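Next come the structures, one after another.
Two complexes come next, and they have one chain in common, chain A, joined by chain B in the first and chain C in the second.
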Partner chain A sequence: MRQVAYVDLTNRKVTIKPIPEDLLRKFLGGRGIGSYLLYNHTTKGIHPLSPENPLIFSPGFMTGQFANAMGRCHVNGKSPDTGKYGDSNIGGAFGAELMYAGLQALVITGKAAKPTYLFIDNDKIQLRDASKLWGKDTFQTQLGVWDELQDSDVKVACIGEAGEHQVGFACILHQLKRSAGRTGQGALMGSKNLKAVAVRGSQSLPVKDPQKLLEITRRQYEYIRRTKIFEITKRWSNLFAWVVNNEREGIVVRNHRANFYPEGYGHLDVDIFLDKYSEKMLACQQCAMHCEHRYEVKEGPYKGLKGEGPEWIAPLHFGALVGNIHWDVILASFEKTNRFGIDASTFGLYLAWLMDIYDRGLIGKEQTGGIDFNFGSAEAMVKLPELINKDEGIGKVISHGADEAIRQLGDKTGEFLYRCGRGLTQEAVNDRILRATCLGDQTSNRGNDHLRGRCNLEFMGLPADVLSKIIGRPTNPDPYAWDTKAFFAMWQQNLNTMSDMMGLCKFWTQWFAPDLFGYEQPLEVINAVTGWDMTKEELWQASDRVWNMEKMFNVRDGEDRRNDSPPKIFFEPIKEGARKGLCLEPDKWNALLDEYYDLRGWSRNGIPTPEKLKQLKLDKEPSHTI
Partner chain B sequence: MTENEPQKYARSKEIYQRIRCMRCTHRIDLEKDQKEAYCPACGLGWVITWVTPDIPMVLRRIMPNVPK
Partner chain C sequence: MTTKTQTAQKNMIVNANVCTGCRLCELICSLYKEKETNPAKARIHNEFYLMEGMRVPRVCINCADPKCIPACPIDALKKDKATGWVVMDTKLCNDCQMCIGACPYGAIRLAPDNDVIKCDLCGGDPQCVTMCETQAIKFDSRQPQKITHARQGMKSFLDKEILEK
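And then the complex of A and B:
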């Protein structure tokens, strides 16, 4: 029987309850059960930093099982960054350890009277004093917990000082770089005076048909390891995507001043990183792809710096976006954000904004504390994480919400901070040139989001028959065409929801490459483990249900069609380059949105209809079953 | 995995020793160990690395004044 643990930090009370099987079958685990619990344990208008806002950890339904790439854990909570639905996903071994401790979900409410950390030792959950850990960075915190518990096999998810100061984009970090980054769950954790969650689990996971699971896992592994993307990723990580996206002019350079970064060639190339910095490759639990670099800087001003990562977001958000061409500066800044528990993506977006308004003369050294914020400034890149961490100077200005930062720096500066309709800072991708991708990203429930709605297959130049076969209905492979893209976006969103519910890494799915996992492969694993007779249609419906559950959370707080709007700059034609003239055209965008709402079964105002909720068995929510 | 149809079909269309033009997505066939290639459709040139003896990957565009 799978269980959920409720921890009330205010009253220091722990309750463990079983999760009914019918509820599990409706929502599975991870993002599914997480969104159910979030909706059921919050009320309309709840403040994100109030003790009543729950912080929910939920491993994927198959996390920790003997199955390929099933190792991820979801984190849910109303977002301190946007004030809307918030969640994030974390790799490593934390989720599996929670499962081995017997927990499918952990719901933390209230606020501890003093700094506290949770220690989950199988079925015992203790609240321990974290006074000695308060003020420590994420690396020191993990070492401190291991030291106190005298067990370095304990898996720890924790916050740094940024989380303690409730920085709007603070993350929860596990190991050296695995972070629940976007939407500021670290701030929520900090608001509860909760420094860390440490887990030790040694229970086995029940499997209905172990022999079948073994056979499925072996067969799926043999298939995957013969794919082209597997060979590339296990050596390069997803850094190869840097060239792909730069060349298709799908990136943002110097805070939307350009979309192609030729200056990076010869400096930010993947082979330079491999030759000079990468030491070895690492993997999350249950994964054979080992896509993460361990690196060391061996010379120069940052000599001796060691860390893990980076993915292609590093040369993007710490390179092109801020006009930098030096790998060592990228790594120095990236390591600091991880160490201090700051979301690296959001950090890069704020840094680019500050550099932009500094360059335009809207702020000067009096606001930056004497730091040079010109594009490409190594000083700014390395010092800003420290200022955020200490909640000082310009770091403090940007730490407590975009609106507050704009208020302090002047209304004019707000024109250059690009945010989507849900208030989340716009990722440094040039979504305006792709139709399904833009729709998928902008209608994501936590705000614009490549991990929810990016349709990577859209810009691979796949033949129409191949793409249509994958999507399941005729699909136009032209990325600049508008037809057939609404279903494409919905298909991608549901597939990504399914992988988050399962605990499956997206690098193993058709989000990443056309010949990877769709619904069938995770489905085989579910049925072997549970003995269910789940069908592909049922799994699709479960994904759809979870997407709608998240939507209901936002709708309850007053969300509507306006929140699905991209930043205004996406409606402005690109001024130069190979994609010159491309942009979102308002009429076509609105027609695409209408089509998407129709497919989702929502009103033209973007609200799920009663019929749709009934069809998904969501009409009785909140049901308070657990 | 039962090699379900869409994946199998996608793979059958993706021939190894081939790259995709990063600009226009046209497929470019390569000779073994070829270090550079030009797209017959858009004319851009690409520097190629070989991840395995069969799997090429684009490193960057051929551009003047690139130090490496």
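And then the complex of A and C:
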């Protein structure tokens, strides 16, 4: 029996309830049950930093199981960064431990009277005093919890001082870099006076057909490990995405001054990182692809620095985006964002903004506290995380909402802080030259997101028949074509939703490469474990349902078509390079959006129709079943 | 003194330096042996060292001179002469836990129901090694040159552990 635990921090009350099987079948776990719980435990218009906003941890449906790469954990909460649907997803081993403790979901509401951490010890949930941990960074917090509990097998997710200060893009950190990064869930956690969630479980996860599961997981592992992408990723991680997208002029350089970064050649090469810094590879639970670097800086001003990661966002957001060509500066800055519990992605975007307006003379050393904020300034890269963490100086200015930052630094600066229609800072990807990807990214429910809507297969030069077979209907492989791309985006979004419901890492799916998992492989695992007779159609429906559940959250708070709008900069032509002059065309974008809404079963204003909700069995929501 | 027979026997070889911490060994172990998925019931345990970035597989490596055998008050543990494996007679074992304390590698474990469990190499076809992408655990003959690398990894790690204590 899968269970959900409710922890009311205000009244220090813990309740555990079973999840009815029919609800599980509709939403599975992870992002599915998480979005259901978020919608059902919130009302219209609540403030993201109020005690009413729930913080929800949901391991994937197969997290903890003997199932390849299905070890992830979802986090839900109304976003303190955007004020909209908020969520994020953590790898590592945290979600699995929640499952071993008997929990498919953990809903935390209210606000503790003083710094608190949760210790979930199988079916006992304790609210413990965190006053000795408050003020510690995320690494020291984990060590502190282990020391107090005398058990380093306890899995911990925690916040740093940034979260304690409710910095809008504070993250929740696990291990050394597993993070619930985007949408500011760390601020939500901090607003509850909740420093950490520690969990230890020793309960079994039942399997209906153990022999079948053994056969399925072995077979799927044997197949995937022979793919080219597996071979590359197990040594490079996804750093090749940095190389590939730079070559395609698909990145953002110096806050949209350019889209190609030749200055990085000979400096930000992945080979340099592998030779000079990466010591070995580590893995998330249940994953043989082991794509996490363990690095050490052996010389220079940051000699002795050790840590884990990074992924392609590092050379992108800490490199090209901010005009930095030095790997060790990337690592020095990135390590701090992890240690302090600050979302690395959003950090880079705010840093790029500050550098841009500093370069334009709109702010100066008076605003930056004397720090040089020119593009490429190592001083800024290394000092800004400290200031954000302490909620001081220029760090404080940018940590409590984009609108507040613009108000303080001057209205003119707002023109250069690029955000999508949901208010989330725009990732450093040149979406203007993409079609399905642009649509998929920009219509994502938490804001523009490569993990929710990016159609990597769109620009791999796949033959039409191969791509069409994967998508399930005729699809145009020309990245610049507009036709068939609306369904492509929807297919991608649903596939990624299904992955997040399962706890499945997207590096093992057709989001990453064409010969990886689609719906069939997770489906096999579901049926072997549960004994259900779920079909591919039912699983597709479930992912569609969850996408719509998230949409309902935003619609309840008044969003509509206006929120599905890319940042204005994408409608401006590229200034230089091989793709000079290309831009997103408004009439083409609107036509694509119309087609997408039709396919989704939504009105032309982007609202799910009553018929669509009925078809997905969402018409009775909020049902308050759990 | 190792005999020719002993060095040719196949045994678990551990190289902690390349262990990624994926825990697939724990998961297949419990599923294969207990028909349910639960690392707490696995005969192999992956130990986690956060700041050091080390992941260490703890599993019986069938010592040449096992410390668990003399610790057992009822002779439930014996070294098989043919294979060299340390075999636990689970019917005889009364779960007293003396062997757990004696084992220098933390290879013998206490399951949630207080059952004392030890790897039996799945009768000669250990399942855990089939899921190990990096060969941090291997089932191979204990020729000296083959275990040098693994011993280095284990030794340097144990040195650190002992020094820290």
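In the analysis below, the second predicted complex is superposed on the first by the 626 of 626 C-alpha atoms of A that agree within 3 Å, B and C clash if a C-alpha of one lies under 4 Å from a C-alpha of the other, contacts with A are read in each partner's own complex, and residues count from 1 in each chain.
Following the convention adopted for this analysis, contacts are C-beta pairs under 8 Å (C-beta built on N, C-alpha and C of every residue); 3 or more make two chains touch, one makes a residue touch a chain.
Because the structure is predicted, anything quoted here is derived from the model rather than measured.
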item: Simultaneous placement of chain C and chain B on chain A, clash or fit; value: fit
item: Which of chain B and chain C A:F139 touches, first, second, both or neither; value: second
item: Touched partner set for A:P463, first chain B, second chain C, both or neither; value: first
item: Geometry of the superposed three-chain model: angle at chain A (Cα centres of chain B and chain C, steps of 10 degrees); value: 80
item: Partner chain in contact with A:L516 - chain B first, chain C second, else both or neither; value: first
item: Partner chain(s) touched by A:K280 [first = chain B, second = chain C, both, neither]; value: second
item: Touching partner for A:N590 - first (chain B), second (chain C), both, neither; value: neither
item: Chain B versus chain C as contact partner of A:Q615, first or second or both or neither; value: neither
item: Which superposed partner A:T227 touches (first chain B, second chain C, both, neither); value: first
item: Closest Cα approach, chain C to chain B, once both complexes are overlaid on chain A (Å); value: 15
item: Interfacial residue positions of chain B with respect to chain A in the complex; value: 1-11, 13-14, 16, 20, 22-27, 49, 51-52, 55, 57-61, 63, 66-68
item: Of all residues in chain A, those that touch chain C in their complex; value: 64-66, 93, 96, 100, 139, 142-143, 152-153, 175-176, 201-207, 210, 213-214, 217-218, 221, 225, 234, 279-290, 292, 294, 306, 308
item: Residues of chain A that touch chain B when the two form their complex; value: 216, 219-220, 223-224, 227-228, 231-232, 235-236, 240, 243-244, 247-248, 262, 265-267, 269-272, 459-463, 465-466, 469-470, 510, 514-518, 520-521, 524, 578
item: Chain A partner contacts - residues on chain C that touch it in the complex; value: 17-18, 20-24, 27-28, 30-32, 34-41, 47-51, 53, 55, 112, 130-131, 133-134
